[in-house]
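Here's the structure, in structure tokens; my notes come after.
Labels A, B and C are assigned to the chains in the order they are written; within every chain, residues are numbered from 1.
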Amino acid sequence: MEIKRRDFLKGVAGGAALALARPTLALAREKIRLPDAVGILYDATLCIGCKTCMVGCRKANDLPPEMQGAQTLWDNPVDLSAKTLNIIKKYEHGTGRDKDRETDGYSFIKRHCMHCVDPACVSACPATALTKDKKTGIVSYNKDACIGCRYCQVACPFNIPKFEWDNPFPKIVKCQLCNHLVEKGELPGCCSACPTGASLFGSLTGLLEEAKRRQNMAPGKYYDFPLSSLESGRTQDKPAAHYIPALYGETEVGGTQVLMLSGVPFGKLGLPDLPSGSYVALAENIQHTLYQWMILPIVALGGLIFLVKKRGDKGE
Amino acid sequence: MKEEQPLGGKILTPTFLFCLLLFLISLLFIGKRFIYGLGAVTHMSDGYPWGIWIAFDVVIGTAFGCGGYALALLIYVFNKGEYHPLLRPALMTSLFGYSLAGVAVVIDVGRYWQLYNIFLPWYMNPSSVLLEVALCVGAYVLVLWVEFTPTFLTKLGADTAKSRLKKIMFIFIALGILLPTMHQSSLGTVMLVAGSKLSPLWWTGLLPLLFLISCIFLGWGIVVFESCVSAQRYTLPDETHLLGKLSAVMAWLIAVYLAVRFADVAIRGHLNLAFKGDLLGNMFLLENLLLLVPMCILFVPANRRKAPLLFLSAVSIVLAATMYRFNCYIIGFNPGDGWRYFPAFGEIFISIGIVAIEIMAFLWFIKRLPVYRRA
Amino acid sequence: MKKHHFTDPVEERLKGVSRRDFMKFCGIMAVSMGLPLGAGTQIAEAITNPNRRPPVIWLHGQECTGCTESLLRTSHPSLEHLILDLISLDYHETLNAGAGHQAEAALYQSVKENAGKFILVVEGSAPLKDGGKYCMIAGRPFVDIVRETAAKAAAVIAIGSCASWGGVQSSPPNPTGATGIPEVLKGTTVVSIPGCPPNPYNFLSTVLYFLTFGKLPALDEKARPKFAYGRLIHENCERRPHFDAGRFADTFGGEGHRQGYCLYKLGCKGPITHANCPAILFNEVGAGAWPVGTGHPCFGCTEQAVGFKIPLHTQAEILQVAPDAAHAPIETEKGNGVSAGAAALLGGIAGIAIGAGAVITKNLGKSDEGE
């Protein structure tokens, strides 16, 4: 009896034993940046808060305006929602006088899907409704697969996927980097609309280099900044702002394809402070350890069938 | 050994009729949900996409059904055959808990007409924890119905079918031990994915282990609770001595759980959060106090023979494990960005309706099917 | 400009208008139609070509003659010389020298001689009720005159809102059955220049475009030239930043009104009216010379569905909802909290549970003692 009990406990706690040894967010399966991945570099110091990217997004995706409360005058959502895929928010402190300053200053921030390198939503979805494109890395949604369980909303560390709560036949809604335009060689709505180059489209490797170039700029000196995309050939020149020495999205939860530069600490702009490991990697690690090829369960079942038959013959 | 028998008696008792009324009212809210969408009836939102239907009806509801699992473990794995009389009612409770969790899922998911997608191989995502939970729970519901079929067959007098089924029952019993081990722990892994959105007082790599252990003593608690309540209402043999023996095991299990729980929080460096005096800190302390106190009570052999103490300990343990799950899924979950959640009236009433129909089914079953052994 | 275009006969005809002023005028015409500056040269050539003086017949129906008055107030250069000498205005009831049967004879003569070549301009609507007797000229219903004359015209232009869609007299209940010329002449392309009155340069530019290029400028679905009626007033209004920032005048003479804030709340129909008033203004007296600029909300005089129909101070619907000037803060309180009903329900359940638990415990204790 003793032996059986021990074996049983071992079998059940097998995976947990692994985790008992100081569970860290180890990347069990390495998700790396795809070589042809595309992305957007948002530079808050270039952003003037004109919201043309929001208008561009509505046009590119055929979305109606979202009006706050009962008023019907302006398109002014307060957050991403089932009707708003992209939003500009404003950080203000004290007198709010100086742009891109944390104290007594203000800054804009653009929020939409980060198109993670290791997307939590893609891993979490039981029905494969969210998928990551094998070439561009764009995370897309397929409503024909979706069962509406909203686990993607629980899983996303940035709270991006939104749900149509007021629709009896609801969908999940989120930015899809205008993949319907990107696959035709065109630009996402926000990037083609942005007048200052704050929203910049390009290859992920190119954007990472551009971000590095900007962090090495001398504040106050004039530089050329590309408009709309790295390949557009159009630039504007303006003095570089003072950047905080970090690139948001470089390592957060394994990295994202939407990168952010700013003069104000990211936490103040509402961007969550995240570790470099991916939570879904840990969950998958546990699952794979316990259930890979269903070996452990089948072995356990075998043992159980043996035990039950033995007891059952004796008992009843 | 005495045989199980239907308890007989009137079905349409005041309790039954009251539950029927509650169920009918809840149908109105269910109708509203399907006509106008989830937002019309619930307070779930983009910040809190899961509410009490998931946390209570599915997670806690299935955990309540772990009485059958816990007993099966004891009887068949640890060879404590003397607990057999407790098994059938516990199985029945499991049956209801799990089946109605399924009903709650159909009501909760947004695209319910495509719910079968997760059973289609070309849509299944093997990386998803939720898929494993769904498949396991689905399989377990089938196993429970098969395990309970002999009871139906007895009523129908189909003896040949019954004996044939009994010959292969051992496979299903074995599955009935394997499957809950898989999915009850995975229900913990489900919230692992929430990462930084779950308070460090609850987020840990040990979530699957803690969920598994707590579902075992929660199951025991339900068995005790149900046994005491039924013994009160109907003339049934006194099982206090059986339950008392089991309680000692449970006390040790709780001790292991609390040790792991506190060690884990302390090692990760977040024990200070428990004593902040805010909502989360207090919920953490309360949830564990509700385990500590009954554990101390049950370690005393004399206490284990007193029915009221057993009952109160069981209730406390059930509450604690329920709180633990509520804390992991809702209260400890904070997506940031200024979101808040409290269930809506209609949302609560639908849960009430599901519980009401569970009680109605319970009453019909024990009166018309051989579930309990008469005194 | 090549010097030989300005021969003596032309200079004489221009009667004191300098070449410089003339070229300026043509340039202005070109720009106001959104044509490239070089087109000014083409316009100049068209106007000064002695062989091209198409006849124009100008009919008046139910109207106040405001459109003609507006046209006569183009101040620089003196246009009556330029245009009335360069296009042969064969019939215009306000400006005719003669009257009565003499004038009618001139009309009949011109139509007969210039059939298929003249431009018909109609000012005012045609009443259709009771056989059209509510507007009779020389004993004939105006609607018949219009139909007859239009049949022989090379192009038909309806100037002003009355001619375009009926104007003020067509307001419900429209007792005379006042109808716009495009509807009266169904099947014919009638260019509309709505407004009450329209900016005269909208009309002039259209006519000059036709003379220069031999075709009409781009028209929208209501046959209005797009260069003038292609955009909403709301899109170009100088007070738009106030709208976007939520700064409104609440009452006439109030603080917001005196600050020159947006007149939307006072009923401005800019958001639903197509016209170019904020761009080219009126009367050539500088900035602010249009209704909104003077502090009165636009009432939508160019639009049939708006002007004389929607009450002056009724707020307009916004057709193109655009972002406002404010920004969403980083964090807003969202989601749904506790309601009284939910709290009561849960409280009730808790109460029942505690009560039942207490009863069961007590009874268990009793049975225990009983043993």
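One rule holds in what follows: a residue touches a chain if its C-beta (ideal position, glycine included) is under 8 Å from a C-beta of that chain, and two chains touch if they have at least 3 such contacts.
Predicted model, so just to flag it, every value in this text is computed and none were measured.
Examine which chains touch each other and state the graph shape they make (line, ring, star, complete, other).
complete
Taking the mean of all protein CA atoms as the centre, name the chain whose own CA mean is closest to it.
A
Does A-B or A-C have more contacting C-beta pairs?
Between the chain pairs A-B and A-C, A-B carries more contacts.
Suppose each chain is reduced to the average of its Cα coordinates; what separation in Å results between chain B and chain C?
Centre-to-centre distance between chain B and chain C: 70 Å.
Just the number, please: Cα centre separation of chain A and chain B in whole Å.
That gives a centre separation of 34 Å.
Please work out the Cα centroid separation of chain A and chain C, and write it as a whole number of Å.
48
Of all residues in chain C, which are in touch with two or more distinct other chains?
Within chain C, residues 331-332, 334 contact more than one other chain.
Which residue numbers or ranges of chain B touch two or more of the other chains?
45-47, 336-337
In chain A, what residues contact two or more other chains?
In chain A, 79, 270 touch at least two other chains.
Of all residues in chain B, which touch chain A in the complex?
34-40, 44-47, 49-50, 75-79, 81, 84, 108-112, 114-115, 117-118, 123-125, 127-132, 134, 166, 169-171, 173-175, 177-178, 181-182, 185-186, 189-197, 204-206, 208-209, 212, 267, 333, 335-337
Which of the residues in chain A end up touching chain C in this complex?
49, 51, 54-55, 65, 67, 72-79, 87-92, 108-109, 268-270
Enumerate the contact residues on chain C facing chain B in the complex.
331-339, 341-342, 345-346, 349, 357, 360-365, 367-368
What residues of chain B sit close enough to touch chain C in their complex?
Chain B reaches chain C through residues 43, 45-48, 228-229, 232, 306-308, 311-312, 315, 336-345, 347-349, 352.
Hey, which residues of chain A end up touching chain B in the complex?
It comes out as residues 1, 4-5, 8, 12-13, 15-16, 19-20, 22-23, 79-81, 120, 123-128, 143-151, 153-155, 157, 159, 161-171, 253, 270, 272-275, 279-280, 282-284, 286-287, 290-291, 297, 300-301, 304-305, 307-309, 311-312, 314-316.
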